[in-house]
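One chain, subunit A, links the two complexes that follow: it is found with subunit B in the first and with subunit C in the second.
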Partner chain A sequence: MGVNFNMASLRLRESQIMKIHYLTGIVSLFAVAIHILFRLIMPFGQSLLYQNVISNYHNIFYALLLESILVLISIHGFNGLRIILIELKQSSRWESTITILVLISMIGIIAYGTRTIVIASGL
Partner chain B sequence: MGEENKKVVLKVFRTNYNKNESSHYDEFEVPVNRWTTVLDALLHVKSYSDTSVGIRYSCRMASCGSCGMKINGRPSLACYTKISELNKDVIVCEPLSNFPRIRDLVTDFSQFFDHHKKIEPFIHNDLVPLDIKDKDDLVEFEQSPKEVDDYLQFSYCIKCGLCYSACPTVATDPSFPGPQALSQTYRYIADNRDNDKSTRFNILDERHGIWRCHFAGSCSAVCPKGVDPALGIQLLKGHMMGFSKNDKKVANLRAKNKE
Partner chain C sequence: MNNVPDNKDFTMTTSGREGIRGWLNPTRYGWERVSYWLQRLTGLGLLIYFIGHVYETSSLTNGINAWNSMLQLTQTLGGHLFLLFVIGASTFHTVNGIRLIFTESGKGLGKPGRPDYPYHAASLNYKQKSGIWVAILLACIAMLYGGMVLFGQGG
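== the complex of A and B ==
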């Protein structure tokens, strides 16, 4: 018995995408606020010194916070870019191409950023 | 000097796309009173200066929505705009933006009405068949003043197209239904006699649907009937995201409990 794999069934409705868009926007506000507040635990100049930055990465909670910021902002930002681009032209081919390109770029950025976080945190 | 002697210059956009005429502005000097509207001035031009000026109008009392045009750059009804209130000696009349132009100040509303028809602007109710063959099929619905208030302001829409012309999203995306169709969708969803919101949600929940509204709010600023399409769109978004208070569901449950 073959497995029926239908790409259309994987497609999210626009309202579902926008729910994710709004949610990632709101949550990333809080995550970025915590990230910026971390600069205030010592004088600002010192907080950006190489060894201090690396020691921050070695804190597993901070590394998880950075990873969540990366994922949240990538999803929110790339969906915003998709919205801008699909308004420019009205054809299903253009829309599908833009959606696929944006998805690939988003996954690429998240993968590269995760690699940086993993290497810097010494996991 | 009496008010009757005051004159303004009416600068009218002229072109005929069926004859490939190049567009230009014609200027006409028109006598105006305190109560002269832009439509009165245009009709004066047609009567005494140039009969070929193309305008569309009907009721002259802001009820039919036919005489929409850009007056000094702002989408307005010509019959509802007094020249004395514009405080300008030169009045520029142009066709509405975001509509295909036909001739002079006349635009083509086909696409606008297509968007309106697409949202099925009538009551959907399981108790009432869409084509009534027998008068016994007619059903009476009770509505409280509160239930009428939920949608009343949106039912004042006269389909003049001013909100559609002012919408920046429609300017870049003609597939976007526009503020008129979206606020009319809310008008029917908020109506407690309608019980088929999922059909309309499916129509609007797509890539060029309701989510492309960026809340510029210019639709509400230009509406001559005091409708707030931007509010309707935001309330509709709330319904689609499940943030509404579900007033209708509560009312239905109460009605069932009574039975």
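== the complex of A and C ==
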């Protein structure tokens, strides 16, 4: 429909990317608010005790919340970085390079954070 | 307010592009320009914090000693002050981001009119400016509350 697909690549229009940017921003606002509330339901220092944090990870819903925050903020943050870098300089080579580097960084952070969530859930 | 760069600006740069210096210059375009670069600077700061936070929490996987030694780095005066900056930056970025979503969808921009002297842009109106001020005010309140939690009892 709105996605221009060709054999070489899957390209999104900039307006579609901006909609994703806004949507990830708004959804992560609510997800991060719940994440912060988990630190404030008891004294802040106490909430960071190892056993308390691990017990948070054992809650499957909280683990899923953390995973969604990880994905949402990675998409939002690295796309924001892409926008800033493309504003500073414009050429098709620069834009392609930035897009590829940003995608690699985003996937790397999501993979590393997911590893923590999976291991901590099983501790 | 003069939004057109003077001749001096064109003679200083051969291509007309000023790069990061132009991006950071808040002097010519009023509060909207300040909001523009604050949104980007807070965004960059929050991305760096996010990457650091993902790395910091990964110490959980190495056991209680690794977690406690990582906490010792963050549970300091400097660590708490940095967290206060993160609270303020995230609040400003969120509220100003919501303002920008409304702006991009055409809300609060005013009606287009004939350009008469002194050429005040209808889009740069009090609704936009008050949105920026509300973002700054809420960031200050969030930092105040954050300070009470971090430096208060049990922080």
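Heads up, the rule we're going with is that the second predicted complex is superposed on the first by the 113 of 123 C-alpha atoms of A that agree within 3 Å, B and C clash if a C-alpha of one lies under 4 Å from a C-alpha of the other, contacts with A are read in each partner's own complex, and residues count from 1 in each chain.
As a working rule, a contact is a pair of C-beta atoms (placed from the backbone, for glycine too) under 8 Å apart; a residue touches a chain by one contact, two chains touch by 3 or more.
Worth saying up front: this structure is predicted, and the values here are computed from it rather than measured.
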Subunit C versus subunit B on the shared subunit A, clash or fit after superposition: clash
First (subunit B), second (subunit C), both or neither touched by A:64: neither
Touching partner for A:50 - first (subunit B), second (subunit C), both, neither: second
Subunit B versus subunit C as contact partner of A:34, first or second or both or neither: neither
Subunit B versus subunit C as contact partner of A:18, first or second or both or neither: both
Contacts of A:86 with subunit B and subunit C, given as first, second, both or neither: first
Which superposed partner A:95 touches (first subunit B, second subunit C, both, neither): first
In the superposition, subunit B vs subunit C on subunit A residues touched: C
First (subunit B), second (subunit C), both or neither touched by A:103: neither
Where subunit C runs into subunit B (options 2-10, 74-82, 92-100 or 128-136): 2-10
Where subunit A meets both subunit C and subunit B, residue numbers: 18, 87-88
Residues of subunit B touching subunit A in the complex: 169, 172-176, 201, 205-209, 211-212, 240-241
Interfacial residue positions of subunit A with respect to subunit B in the complex: 13-15, 17-19, 83, 86-88, 90, 95
Residues of subunit C that touch subunit A when the two form their complex: 19-20, 23, 40, 43-44, 46-47, 50-51, 54-55, 57-58, 60-61, 64, 67-68, 71, 75, 90, 94, 97-98, 101, 104, 149-150, 153-155
Residues on subunit A engaged by subunit C in the complex (per definition of touch): 18, 22, 25-26, 29, 32, 40, 43-46, 48, 50, 53-54, 57, 70, 73-74, 77-78, 80-81, 84, 87-88, 109, 112-113, 115-116, 119-120, 123
